[in-house]
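Read through the structures below before going on.
Each of the next two complexes has chain A plus one more chain, namely chain B in the first and chain C in the second.
After this line comes the complex of A and B, so read on.
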């Protein structure tokens, strides 16, 4: 039985569908500004993690340049919006410029270095990402340096924009939610992310996805049945770069701020790696689960620990251990436990439930 | 003209010269058997034809086209399939996915697929099963099926009977006979009885050199030659 048709696969797909529904109705279900920020970040990171999984999970490519492409997309849109004003022409030009630069860099890195051993390729991507990070920090005139760039998004996404006017001339509400530009901004991020995720899902489900999995499993065997491994790996590297760049553009429009910390830092790269490992490599569903859990932990683990510390205030030691400032320590513990109990990631491990065991 | 010509092929693996001046003519049609003891250079010969090792000097021509220096993937696309000794299947993929990989368009020719599943009915039974879960015989069937899922001019098969149960070896021989009606097979084999039942032409490799070549009928009749080259009675 294929792993995609097991009982576990059904559980994972149901969970992902529930997450999708929660994200679709997020503005109505969680009516506070922070929750909407979290939902938008989850949407962006699902795309970013899924595109990284195309590399590491489906093709076996270890790259540290994924945030570089994300950052290039974000900076492209940010610079265009800053320089040209908040029109859609700036969004289009900035996004296309970011994609074009990402594509050129991906082709160059791919063709020059995907022939070498995996460790050398990883080092080359690390070097390229470092160079771009330093450039973004130092080219003050263009990128705003360490402070980054603040700009206005298209007026459709302005909180002052009324998507739907009530009888009193003020912005209308639906189930208590204001029909304003903020809502439009969220759905722009949600729909862009959904379209990109579905694209990657179709890609991995197509014969191309099968070829990628074959390359990951054994390059020489894939070549012996007629596949040019370097060409395929370069192609996938380019696709992943373009998707990451588009995710970056989308995030730049949502945040209305782009800086090294939000778009290019290695902390983002580490987050992506953790999300891929937690969710499960080689499955698009894993990207959704990993991104959701990690972003929720980053935003709400502190609050949860504050509650727990308050509830155990009368007990010895425990309140000190549960101090909110120790949230990173607990995140580390949770990560170790997840890796121990779900060695193939949450989705990867659960999807094996109901599959035949080896050694028949 | 031969389908495959190997001329003065020498292959080095690292600092070791494994093949010395191998020359072979594989005619079109039927089964050509390459015999030899362990470590004689049979597998290296197949790998050199596929471009997995680069012979230098020497040349390999297929239908008059020089394969020397050509990329393995290009050689495969010329219509040469390779079934390695370890079967070369992708354990993490299903039976269906393993076969789809070897199709030119990502779609099956239904008539051809029906012929293959008639040859190897187990593949249809385990169609959606991941290949690592198959038995050794089923994995070998999958490897051979993958080689013939598209029309090929030449199939290189390395020791297909190794570790298989006698009943499966018999089924495999039947399958090869049918496949050889439309395709040339270059078969590396240590099981002489199996090879004899299939081969029309043959060669023996000894220490990286061609020690004998001719028809299988002549070789099968010469017991002394068999003993000297293959040490069958030892």
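After this line comes the complex of A and C, so read on.
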């Protein structure tokens, strides 16, 4: 697999760097509220998808419980902020509690069921995730049920906070951007995501990452060489769960709202799955590309489809198919085609460009 | 301890579990009338879940293919039956009971026919290219499920659809202070008939022999010159048709169905298949009855625990028997 030094790999890495730069300067480049929402969502989902890629792409574990960990992190922080007020102690406590619960669940699920076939594991995680979803919507007093919880984030992130004061006593502006708490909130999300992503990138490059790939490629052989497959799998499952939980916590702080739809629903799991496959499994870069494309599609493809549906309103079937709500239909079809023809996803396929033929 | 185990094994072993659960339920609930109602409901639900799950289990046993899109057949069956019943609305309320039965029968047949056709399409177009590759199987069938759900949303819309029931299945029989819904009896009877038919086909016919042999050792059967792949298409179609039939029955049971039905049932079906052990219809029946009974009892005793109860049941059984109660040989 001489994928790391091909021209294709260079292209992918350049693209990822460009995305990183765009995200870093997002508040200055795209100056409207919606664009900032999109950028923050992209940051969070890059981390979430990358941590899922650790499982599905690097280790070959198919889990449907990833949103469960994301949701636990989000709900932990949300509940703490709601109950204890908007201090940093609440954030810390909630985040830690969420991580602890995620870890316990991950260890339990991992040890119980990572011994069995991939398919069993997928089914068991699916069942576990659905139970947590039902619990979250039924325990009204704690989780707010279907409505979710609204709360205040630490005051540093409130839009009224002034990071710098201008000469006239109002919020200072830099290149036309107000230096307020909203900006601080975005950079909090960005830096958290960046740190987590770099951590995972480092992990996959380490000897541990190599062992994980060995397990994915040939489990029996890895076991025969002397690696304890179940232990490694459980470990990486726990790491992925912790990262997802942290991503959930920072999303909860950014959004100031946590409900089943934003943190726990099965739709998010499907999003993650689509992102990881579209971007390319087994390459951290693919997570970045997949997350960016999908989130952009979620926000802007609908507008485009609305236009297209309006333009074709007189034709028989087309407007139905192009209705904005039908975008998942198209994504599903693209997804199936991708799995058939480009199982390596966008990043994986591009990274193979320029690779020596025999090397593959 | 082993002696008790031997005695239990002689009288049916794990097959006694539903009886045990029923007895436990009787003790915990205390009121015989509600217990009977709940038990009948649980058995009827179990039979409908059995219809949905049996195909999934057989397909997995025979071909090592797990179809995450299986629940799409369930929801399509439900919605097609609902539409057929609505279309035949005039027959449903008719005095003539023959027309009544004909309407219900036609609705079920429509669901079954759709299941057969969709199963053939699904197997040849979606699943065939990814045999023996579990990861891509899971992904592709998941993608197919997304597309199928969107198609349902496109055709029937997102709002719940009301399902009319034929008059002869409405109402309840009252025995003393126990009331039993007729539809539940009907569902139970139909499920039992399907189970018996499946059992006879699998154990008394040549085709069934081949299927069982294929589950046990596929290569050997192929080496003997039988076309397992053709058999597999047939089994897949049958499984899809049963799922659609189960969905149709479920639609009549619920009387109000929404596109989320498929996703809800998928979890239950998976739990049943895992509990029962993949690849055997006896195990699936056992798992389905257990889930139906436990679900209804817990729903009565502690309503909030209803879905979690299935999960706990699954965990407990997996801890006790890691490959399910009655897995096919392997």
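Keep in mind that, in the parts below, the second predicted complex is superposed on the first by the 316 of 360 C-alpha atoms of A that agree within 3 Å, B and C clash if a C-alpha of one lies under 4 Å from a C-alpha of the other, contacts with A are read in each partner's own complex, and residues count from 1 in each chain.
Note that in this section a residue touches a chain if its C-beta (ideal position, glycine included) is under 8 Å from a C-beta of that chain, and two chains touch if they have at least 3 such contacts.
For clarity, every value in this text was computed on a predicted model and none was experimentally measured.
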Using the touch definition from the top, say if A:60 reaches chain B (first), chain C (second), both or neither. second
Let me test your reading of the model: by the given contact rule, A:270 touches which partner, first (chain B), second (chain C), both or neither? second
Based on the superposed arrangement, let me know which partner A:158 touches: chain B (first), chain C (second), both, or neither? neither
Tell me which partner A:128 touches in the superposition: chain B (first), chain C (second), both or neither. second
With the two complexes superposed on chain A, say which partner A:328 touches: chain B (first), chain C (second), both, or neither. second
Tell me which partner A:343 touches in the superposition: chain B (first), chain C (second), both or neither. second
Touching partner for A:113 - first (chain B), second (chain C), both, neither: second
Using the touch criterion from the header, give the chain among chain B and chain C with more contacted residues in chain A. C
Help me check something: in the complex, which residues belonging to chain C touch chain A? 60, 66, 68, 126, 129-130, 134-136, 138-140, 142-144, 146-147, 149-151, 153-154, 263, 266-267, 270-271, 273-274, 304, 307-308, 310-311, 314-315, 318-319, 322-323
Which stretch or stretches of chain B touch chain A in the complex? 50, 52, 71-73, 76-77, 81-82, 84, 88-94, 97, 100-102, 106, 128-130, 132-133, 135, 146
Provide the residue numbers of chain A that touch chain C in the complex, in ascending order. 56, 60, 62, 112-113, 115-120, 122-124, 126-128, 130-131, 134-135, 138, 266, 270, 273, 277, 320-321, 325-326, 328-329, 331-333, 335-336, 339-340, 343
In the complex, go through chain A and note every residue touching chain B. 1-3, 5, 206-207, 210-211, 213-214, 217-218, 220-229, 355-356, 358, 360
